[in-house]
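Here the structure is laid out as structure tokens; the discussion comes afterwards.
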């Protein structure tokens, strides 16, 4: 495993607001892709594919939703 | 990340009713697609593809269901 | 968003029985499809596709399962 | 919705054992397919397709796993 | 349903260690496939397909992850 | 089942930090693939396929997200 990539920015699931928690979910989701495909050039090639394919956009949304569920629970839903 | 898109309208998961919570789930799900594909013209092209493909409609439904699970728990299920 | 569609019939996740909770999960799952594809004629065209494709039937089952998990928790599992 | 199909046999998520809970998860998963495709002849045609396609077997397994998670929680994991 | 297959070995979700819980998740996941395709010869044909297709390997991983989530909760995460 | 593969390194879900928990999620996710396809040569062939296919990268991300949800709960979200 490429140990030099930090998978959770700030090494914490706790955020000040739901919006920041949502951004963390997006980042965590993207960092797993970076870990699996560490070649920046290859990722640059794949990016337009994600962004123009309807199925992939939806699957990315599902990933973020699953990450966010964990972050929201960690923050006791910012109640 | 495009910091100018607000990913959670109102920056809160708390809603007055289940119906409003459901609408928030739909919006949050759509805003991730907007973040991943910020080009409005491209999204306009993709929209009819979502809406006329049975598999995509079901996958969108799964996304909303996952987001809603989090929102419902945050609201203690509006009990 | 088409505000005229009610996404949660009765605006509540609370049901008298597990069976009624299961029906609510099915309805909520279908109403998201209705929201995403509001054209009734188009939905009528898609319906036989869902019902005769094995993969789609399974994916619909997954959607209902996720919605039901939320409804069951809301009802404290009708214990 | 075809109201004549009972979606949860026994109208309860409570079972005596984990094994019975697992069987209930399988049944609930199959009954959603029956609801979506009520034509028995059509379902008979689809059955061999499920059973001989590796992807579908795995997706069915995911459905059962999600249903079982709910049933297991309802039974406090039979502890 | 083929009643002769036991779907949960030992008829319990409780295990001594996380490792044993993980093995149980793998077994439960495989037993659903066995239930859906009871023909051993057909399963033998499908096995190399699972094991050499990248998408299927990932989908199997998702199944095991969902089963394991339930088992881990049942064991209070072996804390 | 190949009993010689350890599926959970350290046989524990408890980690010192969220970052270590995330790495454990990645490892657990990969070890299931190793269990299902124990042939190292075959896995070496599949690795570039994972890493260069956008859909697979997203599906791997979903797997890690599900594993991480369990690990995060086990650690009480490192609060």
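As written, the chain order gives the labels A, B, C, D, E and F, with residue 1 at the start of each chain.
Everything that follows uses one rule, which is that contacts are C-beta pairs under 8 Å (C-beta built on N, C-alpha and C of every residue); 3 or more make two chains touch, one makes a residue touch a chain.
Since this is a predicted model, take the numbers as computed values, not measurements.
J.: With touch defined as above, tell me whether subunit D and subunit E contact each other through largely the same residue numbers, more than half shared, or through different ones.
T.: different
J.: What is the distance in Å between the mean C-alpha positions of subunit B and subunit E?
T.: Chain centres of subunit B and subunit E, defined by C-alpha means, are spaced 32 Å apart.
J.: Between subunit C and subunit E, tell me the centre distance in angstrom, where each centre is the average of that chain's C-alpha atoms.
T.: From the centre of subunit C to the centre of subunit E is 28 Å.
J.: Would you please write down the residue numbers of subunit B that are in contact with two or more other chains?
T.: Residues 50, 55, 59-60, 62, 66, 69, 73.
J.: Once you've mapped the touching chain pairs, tell me: line, ring, star, complete or other?
T.: It is a ring, because the chains touch in a row that closes back on itself.
J.: Given the complex with subunit C, which residues does subunit D contribute to the contact?
T.: On the subunit D side, the touching residues are 1, 6-8, 11-14, 28-29, 32-33, 35-37, 39, 42, 46, 49-50, 53, 55-56, 59-60, 62-63, 66-67, 69-70, 73-74.
J.: Can you list the residues on subunit E that touch subunit F in the complex?
T.: Residues of subunit E touching subunit F: 17-19, 22-23, 26-27, 50-52, 54-55, 57-62, 64-66, 68-69, 72-73, 77-79.
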